[in-house]
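Step one of this worksheet: look at the structure below.
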Amino acid sequence: EPALIFDLGGKFDKSFNEAAFNGAQRWAEETGGTYKELEMQSEAQREQALRRLAETGANPIVMTGFAFGDVLNQVAPDYPDTQFAIIDMVVEQPNVQSIVFTEEQGSYLAGIMAAQASKSGTVGFIGGMDIPLIHKFECGFAQGFKAAKPDGRVLINYTGTTPAAWNDPVKGGELAKAQISQGADVIYAAAGGTGIGVLQAAADGGILSVGVDSNQNHLHPGKVLTSMVKRVDNAVYDTFTNGVEPGVKVMDLKAEGVDVAIDDNNKPLVTPEMQAAVDEARAKIASGEITVHDYMTDNACPVQ
Amino acid sequence: MTQAQGRLETAAPAAIELRAISKAFGPVQANRDIHLRVERGTIHGIIGENGAGKSTLMSILYGFYKPDAGEILVGGRPLTIADSQTAIRAGIGMVFQHFKLVQNFTVLENIILGAEDGRLLRPSLSKARGVLRRLAQEYELNVDPDEVVENLSVGHQQRVEILKALYRQADILILDEPTGVLTPAEADHLFRILEGLRAEGKTIILITHKLREIMEITDTVSVMRRGEMVASVRTAETSPEQLAELMVGRKVLLNVQKTPATPGKPILEIRGLRMADAAGVERLRGIDLTIRAGEILGIAGVSGNGQTQLLEILGGYPEKGSTLSGEIRMNGVPLPVAGAACNAAERRRQGLGHIPEDRQAEGLIMDFAAWENVAFGYHDAPEYGRGPLMDRDAIRRDAEGKIARFDVRPPSCDLAARNFSGGNQQKIVVAREIERNPDLLLIGQPTRGVDIGAIEFIHKRIVELRDAGKAILLVSVELDEIMSLSDRIAVMFDGRIMGERLPGDTTTGDLGLLMAGVDAAPQTQDPPSREP
Amino acid sequence: MEKMPKWADVLLTPLISLVLAMAISALVILAIGESPWEALTTMIDGALGSSYGWGFTLYYATNFIFTGLAVMVAYHASLFNIGGEGQAAMGGLGVALVLLSLPLPHWALALPAAMIGAALFGAAWALIPAWLQARRGSHIVITTIMFNFIAAAALNYILVNLLRPVGSMDPASARFPNETHLPKLSDMALSLGVEWGKNTPVNISFFVAVIACVLVWLLIWRSRLGFEIRAFGKSEPAALYAGINPVRITVIAMLISGGLAGMMAINNVMGEAERLVLNAVEGAGFIGIAVALMGRNHPLGVFLAALLFGFLYQGGGELALWTSIPRELIIVIQALVILFTGALDNMVRVPLERMFMAMRKRGA
Amino acid sequence: MDLNTVLQILDSAVRLMTPLLLACLAGLYSERAGVFDIGLEGKMLMAAFSAATVAALTGNVWLGAMAGLLGALMLSAVHGIASITFRGNQLISGVAINFLASGLTVLLGQKIFGLGGRTPSLTPGAELEAQVGPFRAWLSGIMGPDTAGWLTTTPRMTGITLPFAETLGNVPVIGPLYAEVISGHTILVYVAFLMVPLTWWVLYRTRFGLRLRAVGENPASVDTAGVSVTRLRFAAVAIAGLLCGLAGAYLATGLSAGFVKEMTAGRGFIALAALIFAKWRPWGALGATFLFGLLEAVANRYPNLDLGVITVPSMFMNALPYILTVIILAGFVGRAIPPRAGGEPYVKER
C-alpha cells in the first residue's frame, strides 16, 4: 500500500500539496486501490511520520516538500526495503527517488506568454514568503519575459517574512493593485493562499494574472492568462503506479513535469502568435538551445 | 436594644430605620444584627474603631453593598435598596471616605454623572451649571465648575462630593469621616453647612473618629464595635470618656506618658530642600529642619502639603520624574538627594528606619506571609541568608520573636499580611522598623486605622526608642497625636514649614491656623528657628 | 482565615476547569461530526500508550517547560511576556551560531556552550522590551508581540542570506557537526539495556528542563533576588519603599525570562532538528503562556502543565495523523484550556470557595 | 514621485487602514470602558470567516456581513463573561480568544466547505454556484425566482462611485484626489471613516459616552452614581465586537473575495498598537491607522527601497510597521496614559 505525506501547508494549500493529493486520488480512482496519507503537524513529526509509515509497511512512501530532505537522509538507510520518493529535493540514498521540477522552465514559458499579452510592457511577480524557492519562479519568469521583451519591466514584490505571508490575500490584492497602478498588466503570483487575492485583484482590475502549481485558470475564467502548472500530481501518480526508481528524476518541460496550462478557460486569451512563441520556446528548451538559469544554483538571476 | 435606644423612639416615622442588618465579607463579619434609627431633621453621629463596620453599614444603606440579612425602612416604609440608583431615588446621598470622583473629569461632569437629564450632555451640563451656582450661593460651596477634579485640593474635592449629593436632591446625607482631610477651619465651615442643612429639615449621618466633633455637632450618636451596634444615645446625655469606653470596651488612657526630652547631637539636618514633581508642580519649597538624637519632631499639617514627599525623599525613593535640590545630612554625612545613589536600601544600611504612611500600599506586601514581611526591606541583611539565598529558618525565628514581643494577633508567621486586621498589620511594620534600632526613624501616620489599644502600645514603643537616644520624625494629621507625642512641632503648609512650636506653648487653635497657612505668631516665622 | 484549603486552590480548581474545557472540546468534536470518545482514546493511546508516544510527549513538554518557566518568571514580576516565541527563535539562532562557529569536540562541551548562546540571544531579545517598559512605560505586551514579528523577519533574512548553505533550497542552516548531537533518551535507555522510545526526539534537554524547574524554584522562592522579583510584582510602591529598583528588577526578570525561552532551542534546534530551520519554535512561545497560567506560576505546576500540553500536542498530532479530524482541533482545545483555567478561573473558584465556607460553618 | 503615484499610494493606504481603523475604534470603546482587549485579532478573524461563509452560502454579502457581526459578537460575549462577569484576567481571555478563533475558523470551514479552511472564492463562478445554488432554489420556492436571483447575486461588496467623481475628475489636484482616493471604495470604508466623528460625538457629547469614559477611569464613581458598571462594560465590549465584525467582514468580502485561514495576519495587534499611539482618542485613531496604512502602502510600492547608498531589503520593509510601532511606543510621541481602571476587573467585595 503506497503512502503520501504532505508538508506543513496541508493538503488543501491550493498549491503543490493539493496537486500531490489530486495525483493520489486519480491513482486511487483508476486502480481502485487505497493509500495512506498524513499531514504534518510540526517539524518534529517529520521523522515520526516517516518511520511510522515505514514500520506499518507502506511502500512506496511519497513526500512533498524540501523540508523532508534532511530527515529522509537520516531515515532512509534504516528501512532499506522501503522505497521513498521525495518531491522538490535531492536526497542521495539507494532507496530514494528524488523528484525535482524545473519551475524555472515553466515560469519561463509563463514569462513568454506574459510578454505577448502585455500591452504596457510592464508585468508583475508576487511571491509569498521571501525564500530561495520562490526566487526560482521569479527568475524563470523574468528570463522568459525579457527574452521576448528585452526592454520590458518586471515588478517584484514579496508578501512577507513569516508563514503568514502564505495566507494574506488582502496583502496580495493590495500588492497587485500597487503593481497595476505602476502599469503592470499581467501579474504572476507564486504565493499560496495569498495568490488568491492577487488573482482576484487582477480580475477586478481588468488585467491578466498567471496562476501557479495547480491549474488556476478556472478561478477567473477569461482573466487568468495561464497557470504555471507543476505536475506534482503526475509525479505522485507515476510513483504510485510504477514504484520508485532510485536516483534523481527531473520533471522538466520535456518530461511534462512543468508547463503552462491552456484550457477552455483561457483559450480566448491565447493568440496564435502567443501559442507559437510558447511552442517555439518549449522546443528550444527541450532541445537545449535555450537554457533557463536556475536561481538555486548560485542565488542570482541573470536578468533583473 | 439598649435603654438609650428606647428613649429615642418617637411617634413620627424615622428618616432611616435599619433592622437586623448583617453583612459578611468572606470570613469577616463586618456587620452583625445592626439596629439603627435616625430621626428626620437631626444630625446623627456614628463612632467606632477602625474596622468596626461603619463604612460597610453606610454603604449598605446607599446600595453599594447588599446586606446578607435585615431590613431597611426609609421614611417609615420598607425599601429594598438593590443599588445606588434606588438609594438616590429615595433621597439618600453619600460622601464616601474615599471619594468616588473621576479624576480627569471636570467638576460639572462629575456632578451630572449618572444624573443626566437626557441622552445628550449639553442640556444637562447647562442645567447643572445653573443649579450649581444656586447651591454654591446657598451653602457657600464654591468650586469652579470647569476645573478638572485632579487639580482640586482635597477639601474642594469633598465639596464636589457634597454638591453631587445635593444636586441629586438628597434628603438624607451620609458623610463618612469627612473631617480627616480638612483643616480645623475647613471642618468648621463644613459643620456650618451641615447645621444649615439640618435647619432645612434634612437628615445627616456623620461618621467620625473625633469625639470632639461628635460632642460639638450631633444630636444623637451611635457606637459600633466589632461589627455590632453597642449603643445609641442622645449626645447631650453622654461624655467623651463614656463614648471612648463604649468604643473600645474598656477604659483607655487618652494621654501618652513620657518624660521631657534630652536632645543630643543632630542626627538629621535638612537645608533648603526643594522638590518639583513630574508635572513640574513644586511640592517642597525649601524645607529646613534639624532633628537631634533623643527627640521626637512632629510634623503637623493637612495631608497633601508636602509631608508625603518629604518622607519619600528622606526614605530614599523620591517620586519618579521629580526634580530635587537641597542638602540632607545624616549623622553629619551628606546623603545624595537624587540619582541612583539615592536608594531606600542604601538609606536603611545607613541606619534609617521608616514606617510608611500607607502600610497596605508600601509598608507590606499584602500577599506575603507575615514572616516574609518581617524581612521585607531587609531581605539583603546578612543574618537573613547566605549569599544569594535566603535563610527561611533564620527569618522565621526572627519573625516569631517580633510577633511575640509586639503582641501581633493571631501570632501566626504564615498568615498572609492581608488577613491581619489593620492594627496588627501596623504592628508588624512597627516591629520590623523599630527592632532594627535605627538612628533615625521616619514615621508616617503611625496610628491611622489602628484601634485605641494598639495606639497606646505603639506610642509607648516610639517613646522608648526616643529615650534610647534615637531621632524620630513623626508625621501625622491627627493633631492630638502630634501634641501628645512630639517634643517639638513643625507645621507644614504648601511645601513649607510654616512655623515651629513647642507642645507646651501652643494650642490646637494656633496649630490649626498654621496648618491653614496663617501665621498668628510672625516673630518665630522668619527665619525658621533651627535650634530647639 | 483562608477561604479554602490550599490543595483545593492549586489542584481542584484547575482540575475542574480542565474537565470543563474538555467537555466543551467534546462538544466541538461532536459538532464537526466526529466521535469525542474515539478522539480521546486516539489521543491517549498516541501520546501515552507506548514508550514511543511518551518520547514525543516528553519532547514537546520539554519545549513547553522552558517557555512556561519564561512566562512564569516574568509573571512574578507582574510582566506579561508574550514574546516567548521571538525569544525562543532567537535562542535558536544563538545555538546555531555557537555550534556552527566553534569547533566543539563533544556534546558535553557543546551543550553548555549552546545553552549560553541560546540564553544570551533569548535574553537579548527580551532586553529591549524590558528596558522600554521600565524606562519609557511602553506596554510590554505590545512590544513583545512586535518583537515576535521582528524576530521572524530577522531570522528569515539571516537564514536565507547568511546561514543557508549555497545550493540548498531549504531556508535552513547547515547541519550541526555530528560531535555536537545530543544524546537521545532512547540511546541512554539502550545503554542501560532497555529499549525505550526508539526514534523519538526526546533528548537530554529534558533533564536540563527539569533542572531548570528546580533552579527557577530556588530563584523565585529561596533567593533574595526572587524575593525582590515577587515583591515588585505584587506591589511597585512597596518595592520602591523597600529600596528595590523597578528598572533593575524589570530588566533582570525579563532577561531571565528571555534566557529561559531562548534555552528552548537546545531541545528543538540542537536536540531534534540538529540544524536551524525557519519557524522552528512553532508556537511553543504562546503555549508557554497557557502552561505558566495553568501551572499557577509554580515550577512544579509548570512541569505538570507542560506535560499536559505535551500530551495535547502529541495526542492531537496523532489525531490528525490517523483520523480525519483536522489538526486545528488541537488549537481549539488549547484555547479552551487557556480560557477555562486562565480567564474563567473564578467561575470555578468562587462556587468552590462558597462550598468550603459553608462546609466550615457547618463543621464549626 | 508624481502626483499620480502619490494618489495611488494614498488610495491603497485608505484601503489598508480601514480594517485597522475599525479594529482600533473597537479597542477604543472597550479600553475606554476599562476592558483591555488583545483579542481584536481573533474577533476580526472570526468575523471574516463568518461573513465569507454566509456570503458564500447565500450569495448575499449583506447577510454575510450580518453573520460577521454575529461571529465577532459571540467572541465578545466570551470576553465579557470572562473578564466582566467572572473578573478574569483580560489579557488571558484575549489570548484564548485569539487561539479559539484561529482554530475554530479552520475547523468549521473544513467541515462546511472541505477546502482546508478556505471558503469558496466570492466571485461568480462554478465554485460559488455550487454553494449558492441550493439556497437560491429554496428561496425561489418562497419568493419567486426573480427576487431570489436578485438576492443571491451579490456575494461581495463593490466599490461605490461617489457623486460627481467623473465631473470633478478634471479639476486639478482636488479632482483626482476626490475621484481616485476618496471615491470608489466599498461602503465599509465610508462607514469606518464616519465612525471617527461618530465615536468622538458619542464619547464626548452623550450621556453614554460620559458614563463609558467614567467607567474606564473610576468604575466606583459610576457605581455609586447608580449606573451599572457591568451593563456599561458589556455595552462597550459589544460595540467593540460589532466594530471588529465590520473589520472582519471588510477583510473577507470587501478587500478580498473570500476567507483564507489566518487572513487577519496580525492586523489586530497593529490596531492595538495604533490605539496606544492614538492615546485612546478617536481622531488619534484615525491618524495612527492612516500612518500604518501609509507605511504598508509605501512598502508595497517600494519593496526594495533604494536609498542610493544602500538598498533596504524587502524583509526590512515588511517588518517596518512593527519596528516603527516599537519606536513610537518608545515614547517619541510622549507617554500614553491608558484609562486608569483599564485591565482591572471591578471588584467591590474581596
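The letters A, B, C and D name the chains in turn, as written, and every chain counts its residues from 1.
Please note the rule applied: contacts are C-beta pairs under 8 Å (C-beta built on N, C-alpha and C of every residue); 3 or more make two chains touch, one makes a residue touch a chain.
Chain labels with UniProt names: B = Heme ABC transporter ATP-binding protein; C, D = ABC transporter permease.
Quick caveat, the model's predicted, so the values are computed rather than measured.
Comparing the CA-atom centres of all chains against that of chain B, the greatest distance is found for A.
The leading chain pair by number of C-beta pairs in contact is C-D.
Averaged Cα coordinates give chain C (ABC transporter permease) a centre that lies 31 Å from the centre of chain D (ABC transporter permease).
Centre-to-centre spacing of chain A and chain B amounts to 75 Å, using the average Cα coordinate of each chain.
Taking the mean of the C-alpha atoms as each chain's centre, chain A and chain C (ABC transporter permease) sit 36 Å apart. Contact with two or more other chains is made by residues 110, 117, 266, 315, 318-319 of chain D (ABC transporter permease).
In chain C (ABC transporter permease), the residues that touch at least two other chains are 149, 153, 156-157, 330. Residue positions 130, 160-161 of chain A are each in touch with at least two other chains. Taken together, the chains touch in the following pairs: A-C, A-D, B-C, B-D, C-D.
Those residues of chain A whose C-beta lies close enough to touch chain D (ABC transporter permease) in the complex are 10-14, 18, 130, 156-161, 164, 167-175, 177-178, 181-182, 193-194, 196-197, 200, 203, 218-221.
On the chain D (ABC transporter permease) side of its complex with chain C (ABC transporter permease), the touching residues are 38, 78, 81-83, 86-93, 95-100, 102-104, 106-108, 110-111, 117, 266, 269, 272-273, 276, 313, 315-316, 318-319, 322-323, 325-326, 329-331, 335, 338.
Here chain C (ABC transporter permease) touches chain D (ABC transporter permease) in the complex through residues 28, 31-33, 80, 82, 128, 132, 136-139, 141-143, 145-147, 149-150, 153-154, 156-157, 286, 289-290, 293, 326, 328-336, 338-339, 342-347, 350, going by the rule given at the top.
For chain D (ABC transporter permease) in complex with chain A, the touching residues are 4-5, 8, 11-12, 15-16, 19, 110, 115-118, 121, 123, 125-127, 251, 255-258, 260-263, 265-266, 296-297, 300-301, 303, 314-315, 318-319.
Considering their complex, residues 204-211, 213-214, 217-218, 220-228, 340, 348-350 of chain D (ABC transporter permease) touch chain B.
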